[in-house]
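My questions all concern the structure below.
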Amino acid sequence: MPEIPHFVQEQARVLSNQPVAKGIYLMRLEAPAVSRTCQPAQFVQILTDPGLSPFLRRPFSALRVDRDAGWFEIIYDVIGPGTERMAVAKIGDEFDINGPLGQPFVPPNTGRLLLVGGGVGLVPLAFLAWAHPERRNDMVYLMGAANGHRMPDMAALLPQNLVLHLATDDGSVGHKGFVTQLIAEHVVPNTTVITCGPHAMMAQVAKIAGERKLPCFASLENHMACGFGACMGCVVAYKEATTPDLQYRRVCLEGPMVNAHAIVW
Amino acid sequence: MPEIPHFVQEQARVLSNQPVAKGIYLMRLEAPAVSRTCQPAQFVQILTDPGLSPFLRRPFSALRVDRDAGWFEIIYDVIGPGTERMAVAKIGDEFDINGPLGQPFVPPNTGRLLLVGGGVGLVPLAFLAWAHPERRNDMVYLMGAANGHRMPDMAALLPQNLVLHLATDDGSVGHKGFVTQLIAEHVVPNTTVITCGPHAMMAQVAKIAGERKLPCFASLENHMACGFGACMGCVVAYKEATTPDLQYRRVCLEGPMVNAHAIVW
Amino acid sequence: MDLSTHIGGGLKIKNPVMMASGTFGHGAEYATLFDLSRLGGVVTKTITFHARAGNLPPRTVETPSGMLNSIGLTNPGIDAFIRDKVPPLAALNTGRVVSIAGTSNEEFAEMARRFNDLDGVDALELNISSPNMKDGGMLFGCSETAAHDVTRAVKAVSRLPIIVKLTPNVTDIAAIAVAVEEGGADGIALINTLLGMAVNIHTRRPVLGNITGGLSGPAIKPVALALTWKVVNRVSVPVIGMGGITTVQDALEFLIIGASAIQVGTATFVHHSAALEIIDGIADYCKAHQLANLSDLVGSLQPPLGR
Amino acid sequence: MDLSTHIGGGLKIKNPVMMASGTFGHGAEYATLFDLSRLGGVVTKTITFHARAGNLPPRTVETPSGMLNSIGLTNPGIDAFIRDKVPPLAALNTGRVVSIAGTSNEEFAEMARRFNDLDGVDALELNISSPNMKDGGMLFGCSETAAHDVTRAVKAVSRLPIIVKLTPNVTDIAAIAVAVEEGGADGIALINTLLGMAVNIHTRRPVLGNITGGLSGPAIKPVALALTWKVVNRVSVPVIGMGGITTVQDALEFLIIGASAIQVGTATFVHHSAALEIIDGIADYCKAHQLANLSDLVGSLQPPLGR
């Protein structure tokens, strides 16, 4: 069983907070301790209000860190009370955060890395691209959104020279249709697929990768009460388990990036 | 039994919000409907957060209204989560408010009006002074606070030419001691005492007034869940009641200004 | 779209949203606040045979996402109620439900009998669940036999539909529900408040004059929903769900699991017209989901995915 | 100042603040997070005889000022627990309490017996109150006889202090407490979670894979306090109070009404070091109120003014 990651609680100061697409915000938080160690696929938990409502912290993947300047960024979809509070935060406001949480993900050393993102699922994939300049030539980034309004300006969020293909459900930007339809044409021998996005999309990605016998990793977003392995709430079912207690495993602790072929979708 | 006052729910916009003493703030709210009808001794209920925490509205007496401009003012002591949220409100922020609630208080037509305020209890008394220029020559305003830091600049809050005497527990401003000690020297024949402040202070005022057979009215601050007579929670015990159900009566409905000699202190 | 619903004994109300007992006075006095005829129904503050003063203040205190109350059934007694409160109530164009609480089966029955010859009362709600009444109240609601017997005693004399309101402070609320159904209840309402307490750490005294009180508001909604779910699965009479309902989402949860109607209580204290927004919201939801009748929504819960 | 307190069977812990079962893993794995030796005690996640997978996800959902969980006692079984988890637990310098749940009196007793020869476990907490265990669990906690008998069965074989943890989902928790005291319990812990439910109105399905779950967090604090108050008034063994304790104020309320210790559960999820802040806060309070010993605070409640 993986160890509890060493995380810290920190008062993070909002350095910027603005929309990058319809209902989607980019927030930069000054938080030296978290920024110092945060790795791709890890996440932070934000207390969106100092009172009791919302009650639990809200988890967000890290997009990009500047370890020297001591900040990191997140991108969030405004979908409920917690993210609504975040959306009205002004520069200088503070949030109590925990992090970094979850296991860092290190991509394989060789072969193509096919990154398949949907909506705000772009975040951990973008961090991977930022964090591994040495692998960028092997990366192909496929990005899906409902429509153009919901598609951020990816050039501003990704490192330069990354091969990028867009898809929207209504065709207003890029390929018309699901981003999963783009996978086939970008598979080369020795491709690893890494995905984050809506559950149904990731399940589809895993299926396609499975059919082609490609390794596949997915960053899950199960509901989390604690984020640090204490509640056993955020579990996902594994196909194989030697003992009953290993049938369900904690996404916050073993993931959020998991082997997409090992779990029950 | 008094009728439920006709009150409205209104989005009130903060026009100003600044400290007038240590931990005590003056807030001006743009709220045309409430301001149009609000009378002395009435109060408003402020939803201090749109979420569930704090859960109940917080009641505050009105200090002063400008019916034409459509604003009213309150003065509040920052003592808990609700007033803490209010204290950080910026110009332009909005609060959902209910009002005006409670019965308007009309002072007697003749004789001296001895207003005895303690702390933020100054508020309904000040409104009385603003609302009755024709009675101002007969008013004597006695104001108590713990110390000078907690004593607002009363000249800025009261109409001009009002006779005013101050007292502080530590003597840092005005008389050293309790404001109740000033009552005796300001009683003349046909004096009505009107008081608002901490419970113990008002009880003392009522006792002094009773000993001198002076009419006395007190503005109570019982805990209120609804503010409009629906919950039966905010009751005060009356000394005499013809039927059991009249033993306790609702402060929000019959008050908050009540006959200080009729109730059990 | 037809939002009307049956709440027992043939009583049909125009929509499933009612004002809960003890949280809206006697109803009629709020006619200036909003158009009461928009409501499905109003349940008046529980009355007892004799007038009651109620409990020592303080009687309310805020708690996380809720409040405690220990009002203690302040009321003018049945005679004054019938004389002063029933006429304005009768004038309302909404479901008019009177809540009664007795200290014995006989007293319950006697109170119920008084309403037989009155116009303008559509049903009685038996409050056998008040945590703030020392003699009677919750005691009836804590035992299957007592709950059954009091229901039977009232049914034997009353010509009105009888709704029995249950307490959540029991081991097996579904068994109590079955008992009152067997006693002849036409409908079941739940939940009354959960027993609760608060302490002032500065004075080291209970905050409430009555030491304990009843917890209500959003905090208790998950409990209310689970208990309503237990009850709807066991009885066939209509069930009125309540407990923390504040938004249309809350109300829909109760209807989806099978409540035929809902009551709004504490939410009214914060947003006096919460019930109206809930009615509108239910209509919007039915429209968006193409449900022509409320009955298409009531009890439409599907099993969890993967089950 | 002496914050130490007795929690039953002669077990004295250094301060009254413990981590609640199921909310802090097996304890030892959080040694990197903060200094566990500062805690009064740690109660490990409930174990069963055989390993358990736990319930179908989703297992948690937020509710107003609280959350529902339907974890379902995921655990590796007693053998693996003793092999893998007890050694690191034993190494901790704090009160080490192991929570166990059986499906029969015999299984409870057999599990308890296994700890007789182990070093490093200071007490057992019998979980007879889990709403998420279909076979056993809460069933034992819902009947006076069953609660009494399981306590007696364990006491007959165990050499450790036995704390029995009660469910709030009963009509008369004080009667259950008296029954377990008569069964020989050395201490009583309460409350476990309240039964609750949530519905997704978009899918019209229960949010939890298990349909219902247990409600915890600040929302339930008033209920926990009232039930703890009922129990402390009826038993003479030490009582450990819990339910929604998040701040030092909350903890003080429980201690003032008579709990000898408290447990922090859900609050840890939000503020992982909440327990430490509570310990400091209790010390500050005792200092400010010139209480030399925790026992001067425990049970110091005065009646309401006017009574």
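A, B, C and D are the chain letters, set down in written order, and residue numbers restart from 1 in every chain.
Rule of thumb we're sticking to: contacts are C-beta pairs under 8 Å (C-beta built on N, C-alpha and C of every residue); 3 or more make two chains touch, one makes a residue touch a chain.
All values derive from a computational prediction rather than experimental measurement.
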Query raised in the report: What is the chain whose Cα centre is as far as it gets from that of chain A?
Result: B
Query raised in the report: Per the centroid of Cα atoms for each chain, what is the distance between chain A and chain C, given in Å?
Result: 46
Report summary line: Per the C-alpha centroid definition, the whole-Å distance linking chain B and chain D comes out as 46
**Report entry** Whole-Å separation of chain centres (CA-atom averages), chain B against chain C
**Finding:** 36
Query raised in the report: Which residue numbers or ranges of chain B touch two or more of the other chains?
Result: 52-54
Report summary line: Listed in rising order, chain C residues that touch 2 or more other chains are 63-66, 217-218
Query raised in the report: What graph shape do the protein chains here make by touch: line, ring, star, complete or other?
Result: complete
**Report entry** Partner chain B, residues of chain A touching it in the complex
**Finding:** 49, 51-54, 81
Query raised in the report: Mind pulling up the chain A residues that touch chain C in the complex?
Result: 52-53
Requested in this report: Provide the residue numbers of chain A that touch chain D in the complex, in ascending order.
Outcome: 3-4, 6-7, 9, 47, 52-57, 98, 222-237, 241, 243-245, 247-248
Report task. Spell out the residues on chain D that touch chain A in their complex, using ranges where they run on. Result -> 22-25, 29-30, 32-33, 45, 50-54, 57-67, 69, 71, 74-77, 80, 217-218, 266, 268-273
Query - Residues on chain C engaged by chain A in the complex (per definition of touch) - result: 64-65
